[in-house]
Amino acid sequence: MILSLPQQIEALLFYKTDAMTESALAKLLGTDARHIEEALGELEESLKGRGIILIRAGGEVMLGTRKEMSLLIEKIGREELEGELSKASVETLSVILYRASVTKSEIDYIRGVNSGFMLRALQIRGLIEKKPNPNDGRGYIYTPTIELYQYLGISKKEELPDYQELILSLNALTEKKAESPDYPRGNESAIE
Amino acid sequence: MILSLPQQIEALLFYKTDAMTESALAKLLGTDARHIEEALGELEESLKGRGIILIRAGGEVMLGTRKEMSLLIEKIGREELEGELSKASVETLSVILYRASVTKSEIDYIRGVNSGFMLRALQIRGLIEKKPNPNDGRGYIYTPTIELYQYLGISKKEELPDYQELILSLNALTEKKAESPDYPRGNESAIE
Amino acid sequence: MHESYKIKIPAFEGPLELLVDLIEKRKLAINDISLARVTDDFIAYIKSLGSLPIAYTAHFIITAATLVLIKSKSLLPNFLLTQDEEGNIDELKRRLEMYALFREVGEKLKNIFAGAVLFKRPYPKIEPMFVPDKSLTVSRLALVLREAIKNIPVVEKTPETTIAKAITLEEMIDNLTKRITESMTLSFKQFSKEVGHKTKEERVFVIVGFLAILELVKQGIVLVRQESQFDDIHIERNNTIIPQK
C-alpha cells in the first residue's frame, strides 16, 4: 500500500520529533513545495478532533500536543518550563512575531533602543532565530522559533492575539509614512 | 474545550514515547479499564488512513509509524548518523571537550544560541554523553565519551591545543555572565 | 513641574518607552498637545540621568530635541518649523503609535506565555553508535573554539559613542549664561551656527542648547524675543532679575 503525502509527512514528523523545514520534507519525499503545502493543509485539517496538532512557523512544521493537554503533560513531564518574561523581552518578541521576519535595525527603530543584548538572550533561550537576510547578502533577519509558538500555545501566526487588527494598524502607519515622503530618515540611523 | 478520551490518550502516548500500560493510562486520566479499552478501540479506528498507528501488546500501548514508512525512516536515521558534522556541532563539541564537563546553559551562553538540537546529534553519534549533574540534583552535564578521546588521540583535556590559553579566555567571559543575571539590562541600550 | 515625576534610574530603557509611559499615565492620546504636556517631565528625566553613559542618554536627547520643537510651537504661536523639523515630529508620533501597539500586544503575550504549552514529542531513546567525522581533529576543534570565543560579546565593554563628548544640560546652561553676559544680545541662529550644524551629533548640541534657553526663560535669567515670524529668536539677559547661578 502506498501512503498519501499527508500520511507520510505525519509519520516523518512523528519520527523526527524536531521541527522540519518544508523544503527538507519536499526533498525527503521527492516532491515539490506546492505539493507539500497542499499536503500540510490536508494534514492540518485531518488532525482536527485529534489529540495532536500541526504547528507551523515560518517555513517549519512540527507535531505537538493540543493546548488542552498542557496541564496534564506538565504534570508527567520532566521538562522545566521557564515561565517569566520581562517587559522588554515581550516587547522585542512581539515585534519579531507580528513582523515575522525583521532586521535588527528595524527592531531597534521600533523600540527606540539598541536590542543587541536582548536578541542574544532570546536566542540563547531558543525563542528566536537569526538567519541570513534573503534581501541583503550580508545582513540578518530575526524570526520566531517553533518553540516560541509552543510556549504561547499557538499553532500558527494567525492565532496570535489581535493578529489581524495589529497588522491593519501597522499597515495604516506605514502608509502614513509613505504619504509624507520628505520626512528625513535621519533619526533612524541614530540608533546604529 | 474538553477533549475526548481517545484524544487525551493520543496526546499522552505521543508525549511518553515509551509504551504505557493501560492501567497507567486509566490512572492518569482518572477513569477505569473499561473506558480506556473503549477509547483505545476508537483511537485505533481513527488512526486508520493516518501516518501513525497504535501498537498494542500484552496490556501495553504505544504510538509508532506505519510500517510502509520504515525504509524512509531508516534512510533518515543513517543520514543523521553518517552525515558530515555541521559547523555548529563541531563548535558545541569543542566547548564540551575543553570544559570536559559542562551544563547546557553554559554551552548556550558561549555559543549565543540554543544548543539542544546539536547536543542530541552529538549524543546519537556517541561523541558526548549526558549525565546527571553532581552539583545540581535536577540538572545535567555533558562530557566527551572515552571513544572520542581515543579517536582524537588524547588522554585528558590538558592535552588539547592551547588548552591553558583558551580556558583562561573562556573563564574570563563566562564569569562575567555570573555577574549579570539574565541579560545586562544597563547595556541594553548601549550603542554598539 | 520637575518634581512631579520621580523615577529610579534606569527605569526606562529608551525614550519611546518613557514617552508612551508618560502619555498613558495621563490617559492621553498621542498628539502634539499631549507631547507638549509631557515635555517637561521628559526633560526632568534626562536631567536625572546626568551620570549615565552618553550612549544611553543620547537617544533621549535626540527625542527631547523633537519634543522641544513641539513645545516651542505650542508656546510661541509665531514659531516656524522647517520641513525637516515637521518631518521629525511626524516621525516621532508615528514611532510612538507603532511602539504603543507592540507594547500593548506584548502585555497580552506575557499573559499567555507558558500558560498552555504545546509539547513536542521528546526524543525516543536511541542506543548511541560511535560515528566520528573524518574532519574531526584536535586542531580543528581548537580553531572552532577560538572563533566562538571571539564572538562572545564582552558585557563590560565601554560602548562606542556616537557623540564625541558628553554634554549635559547643566554644562550647556552654564555656557549659555556666560555668553549672554558677554554679549547682551545673541541670536539663536548665530548660536546654533557656532555650535555647528553639520552632523546629526552636532545638531544634538544645538537642541540641547535650545532646551537650555527654554530653561533659562523659565528661571527668568533671559528673555526670548522674536521680532516677526521669520526672524531670529533673540536671547537677552533679563536685567530685572539678578541671575541666581
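Chains: A, B and C, in written order; residue numbering restarts at 1 for each.
By our rule, a contact is a pair of C-beta atoms (placed from the backbone, for glycine too) under 8 Å apart; a residue touches a chain by one contact, two chains touch by 3 or more.
Please read all numbers here as calculations on a predicted model, not as lab measurements.
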Core chain by centroid distance, with centroids computed from Cα atoms only: A
Taking each chain's C-alpha mean as its centre, the one farthest from subunit C: B
Whole-Å gap between the CA centroids of subunit B and subunit C: 44
Centroid distance [mean C-alpha coordinates] between subunit C and subunit A, Å: 31
CA centroid of subunit A to CA centroid of subunit B, Å: 21
Residues within subunit A bordering two or more other chains: 14, 18, 63, 65-66, 68-69, 73, 77, 88, 113, 116-117, 120, 191
Shared-contact residues (touching 2 or more other chains) in subunit C: 13-14, 58-59, 119, 121-124, 162
Footprint of subunit A on subunit B - complex, ascending: 1-3, 6-12, 14-16, 28-29, 46, 49-52, 63, 65-66, 68-69, 72-73, 76, 108-109, 112-114, 116-117, 120, 138, 182-185, 187-192
Subunit C contact footprint on subunit B (complex, rising order): 14-15, 17-18, 81-82, 84-85, 87, 90-91, 93-95, 97-98, 109-112, 120, 123-127, 145, 147-148, 151-154, 160-162, 166, 169-170, 173, 176-177, 179-180, 184-192
Subunit B partner contacts - residues on subunit C that touch it in the complex: 10, 13-14, 53, 55-56, 58-59, 119, 121-126, 128-133, 135-142, 144-149, 151-152, 154-156, 159-162
Touching residues (chain side subunit C, partner subunit A) in the complex: 13-17, 58-59, 62-63, 66, 83-84, 86-88, 90-92, 94-95, 97-99, 101-103, 105-110, 112-124, 153, 162, 200
